[in-house]
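Which chain is which? They are A, B, C and D, in the order written, and residues in each are numbered from 1.
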Amino acid sequence: MIRESIAIIERVRRIGAGWQQVSIAVEETALANIQPGQSLLVRTHNSWEPYLRSIWVPIDADPAQNLIEIERPDSETYLPDVDIHLLGPVGIPFSLQKSTKNLLLIAQDFPPTRLRFLLNVALRSQRAVTVVLTGEAKKYPVAAFPTETEIIYSDDTQTWPSQKETLLWADQVFVVAPIPFYELYFSQLQQVALEIRHALPENYLNAVYDLPMPCGTGACMACMVSSRQYTCLDGPAFDLAKMRF
Amino acid sequence: MIEITNNGKYALTLRNPVMIASGMMGFDPHLYRNLIKLEKLGAVITAGITYKPRKPANGPRVVPVTGGMLLHTGLPNSGINRVLAQYQNIWARSPIPVIPHIVANQPNDVARIAERLEGLPNVVAIELGLHDQAQAEDIQALIHAARQGSQLPLLVKLPLFNAIHLAEVAAEFGADALVIAGPPRGTERDPISGKLVGGRLYGTYLKAQTLRVVGFLAGYLQTPIIACGGIHSSTDARDYLEAGARAVQIDTLVWVNPAEVEVIARHIGGEELTRAIGALPDEWHPGLGKTQLMQRKKPASSQSTVPPPNLPELPLDRDDPTMPSPSQD
Amino acid sequence: MIEITNNGKYALTLRNPVMIASGMMGFDPHLYRNLIKLEKLGAVITAGITYKPRKPANGPRVVPVTGGMLLHTGLPNSGINRVLAQYQNIWARSPIPVIPHIVANQPNDVARIAERLEGLPNVVAIELGLHDQAQAEDIQALIHAARQGSQLPLLVKLPLFNAIHLAEVAAEFGADALVIAGPPRGTERDPISGKLVGGRLYGTYLKAQTLRVVGFLAGYLQTPIIACGGIHSSTDARDYLEAGARAVQIDTLVWVNPAEVEVIARHIGGEELTRAIGALPDEWHPGLGKTQLMQRKKPASSQSTVPPPNLPELPLDRDDPTMPSPSQD
Amino acid sequence: MIRESIAIIERVRRIGAGWQQVSIAVEETALANIQPGQSLLVRTHNSWEPYLRSIWVPIDADPAQNLIEIERPDSETYLPDVDIHLLGPVGIPFSLQKSTKNLLLIAQDFPPTRLRFLLNVALRSQRAVTVVLTGEAKKYPVAAFPTETEIIYSDDTQTWPSQKETLLWADQVFVVAPIPFYELYFSQLQQVALEIRHALPENYLNAVYDLPMPCGTGACMACMVSSRQYTCLDGPAFDLAKMRF
């Protein structure tokens, strides 16, 4: 249930390659129970510019401490002890199936930030996780990943070595892609997956949309991915078994 | 209770002169129930309703601009029949009155929609949204159609850029109140696709333009004016009332800073009296969280904003700057 | 050379399609000589000239608004005679052509001012600034008066809010180019005196509103359009040209960020070709100081903005969002 | 001659009571030669909001090091090593007469920031300086003043103990006052001075205007103090001998 609240920046840490991690302390344990897939709409200063909130994507959370870990570009300046205004959680959690033993996370030409929380949760519940990084995603500082993570780099932005094998190995796949090209990337992946499996199982191939979300409540309709589906209410992950491009 | 329209056959009174404008609440006043205490407000206007269903604009787009944004949605709605089937009961249970907004395109459609709205529980008025190209003849036909279909008080929302041209006409043809104004259109480059996008402009700068028009119209119109555009603080709302508006509508602030909407309703509704300039800081903030409350208790390092006790009176202005005789500066 | 007007009796060509709009340079193009290399631009428009002297508004006022400001000056000037006595020689020595701006109130005055401007060295055209309430009849009389007085090419500047209503009329009556548009009026509360102040609105948000009107008019008018309003970057200027404008005017940017004016003139004048989206960062900045140059030489910690080499083509849009069929969303 | 340039923040130091001092390194020695009375129009971030530059008032300068010392409210955040964009110098220097032995600086219900550079320069050239602080000005952290400064506090915002004596003692007076009331304060002081002297000598009583200055070049006319005088071109100090209220 989306709420408004105030959090305090507790710690700021640069992790390199243009990224920093910001720990925020939230008021409500309910909010600290935020799940992989959900995000926050944030206003960091008391001004009308920028008018639209930024989307903050948690990469981990600690409900015991009421802490949420956020990843932001290090070009932005954050100082400990500063208030920030949150609206959230926005979106529904990724559906990581109980039966999933092998999880494939694909950051296709786009930073893997939106997959990191899921990566942590999956490893903590003893799944095997492989992360694919292509194009822009290869710049990401992988030292920040838990050591158990298997990482595949590719020279290409659209495919990667042993693409079909990894897709066969995985019980579930989550993929992110850059905004102007996401439909292209998602449909290509859908094609490849359909070539190696007769039909796509439900919840198998999940496209994670990273669209602008001005309101987060289904009011402004700026985040629609189809004529009935909203990133903010029904996403950010959509099952590629059901999408048409 | 505040009289929003003049007394007469079609009179509308509300508990609070602050309403939610057409748009942000969609058709469900409960959409923001965790963000805003609706019962603090006067009424909520629904999103635009058409006779037939309308799909959202293909690839709906938002383009940020300084202090605002350009938004293009396409006025999607499932048509009057399905809207009523889905929301009529929700409206009936809403803690504040509901005012459906009719997209005023075809007089025929307007009459048929108005008819369906007549007599619904908790529906206290109709708002008619005029399109940008509407001319005097169109307005007459559209208002006439709405009157044919229903006995509800009729608010007519005019587009900003020709509000001054059309206000008198709309008042003459029977609008019970004028909503000034629908936001202006603009074109901006979408940073994502690199393309030019057309849409309406929302944001803080709407206020100065709209306030000018409200002040201008309030100077000679008898029909009450409901001001709408760029209200982001109690001061903004007060400025409109001071310029002659009877009530205000607020839209984008609902999601840009929801807590502020309640603050405005409280101030403007008379629960709190503060001066626009030199007021003491208001300690009542519905959005004030525990962490911030804790911080408030720390000794403040910043200077007090309380004015010094022996402050002289503000010197009087020798000529009133709001009334410049030359018209082009 | 760029043809600013259509070919014919009153033709205006300039070296660069970027001009300084009426206002910021006052009457002296050298006012900003340390901030902007004037010779990079196409022309400079003077501040408004009236027949008789005009005093500044009593207590001139500026009210900050998000991303802009409201300003009320009063169009002060010492009248055509004294303006010419004081500035005629300065204009003659200006590195770029000068276009005097006539405040278009009385046809008589306009004719007399235009006469005095005829044949002055380095004065290549006249700009006629229409007032907000000008109607079709007024425009005819004012343009006629200017034509009577002088053979110079005639630019007519229309106020934003009725530009669409008046553009065709102005073109028909003989404007050689239309300047779209004079900024809209607004009212804001002055934070210093606590009073409501009326004035014109300047700032970044002017662009989206003006671009819409420019695109709309360029779609059917034969008369060339010079776009003016909210240009703060080369992208803004390019957007206007792409929407159909022949040239652009820039005003407040001159003091908000003077170095950028030169950058825009250089880009738009064709000395540098960069794409609006995905362009390589432009290393040429006239305002780039020594300290920043030093910093540039440090290894950059931020990510490169160069697009990855194997970027696919942008997918084509299935329907063009700038052309929404419904008119009210 | 007004120019545009870039400076770098070198050091930030809180001095208490809501104030901080920011040292900036400028590119040009010409700019580091800025004089008391002149100010800078500053844009601190690469954004159009706020649209108008802030007015930065130097409280000291060191041309040998190309350093300028600025005083700002400590509610603003400045970080060392950050670029700032300057337009300036704006205005003409205060005319501190060679013959002036006794200098009276009056901060009437308004922070004395605009007088501090003059205070330093006057003390360095061996003048006697008395500073009067009334109303709001009394909150100013006077520990930041050089120790030779004589300070007079008042309970009132409009007058101070031995007002006439100090005005008689002084060879030159500079006074600042808060914006909505400055005309009132300046005219009152003009009155008092006229009571104790037959006519006001030239350059004796100087009113320092602190009006908004959007452009700094005489173009926008927002800073006019009379129908012909601009704060940015002819000020910020105006001789009260010549002003009519």
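The definition used in the following text is that contacts are C-beta pairs under 8 Å (C-beta built on N, C-alpha and C of every residue); 3 or more make two chains touch, one makes a residue touch a chain.
Predicted model, so just to flag it, every value in this text is computed and none were measured.
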Starting at chain A, fewest touch steps before arriving at chain C:
1
So the centre of each chain is just the mean of its C-alpha atoms; given that, what is the distance between chain A and chain D in Å?
52
Whole-Å distance, C-alpha centre of chain B to that of chain D, is 44
Whole-angstrom distance, CA centroid of chain C to CA centroid of chain D, is 36
Using mean C-alpha positions as chain centres, tell me how far chain B is from chain C in Å, no decimals.
33
Residues touching two or more other chains, restricted to chain A: which are they?
48-49, 180
Quick check on chain B: which residues sit in contact with 2+ other chains?
61, 65-68, 73-74, 193-194, 203-204, 314
Viewed as a graph of touching chains, is the assembly arranged as a line, ring, star, complete set, or other?
complete
Interface with chain A, chain C side, in the complex: residues 66-67, 301-303, 308, 310-312, 314-315
So in the complex, which bits of chain D are touching chain B?
17-18, 47-49, 74-75, 109, 135-136, 139, 156-158, 180-181, 183-184
Name, in rising order, each residue of chain B that touches chain C in their complex.
48, 54, 57-59, 61, 65-68, 70, 72-75, 103, 105, 129, 131-133, 161, 182, 184-189, 191, 193-201, 203-205, 207-209, 211-212, 215, 235, 239, 242-243, 276-278, 314, 317-319, 321-324, 326-329
Residue numbers of chain A touching chain D in their complex, please.
47-49, 77, 79
Under the stated contact criterion, what part of chain A meets chain B in this complex?
1-8, 25, 27, 43, 48-53, 83, 85, 87, 179-180, 212, 214-224, 227
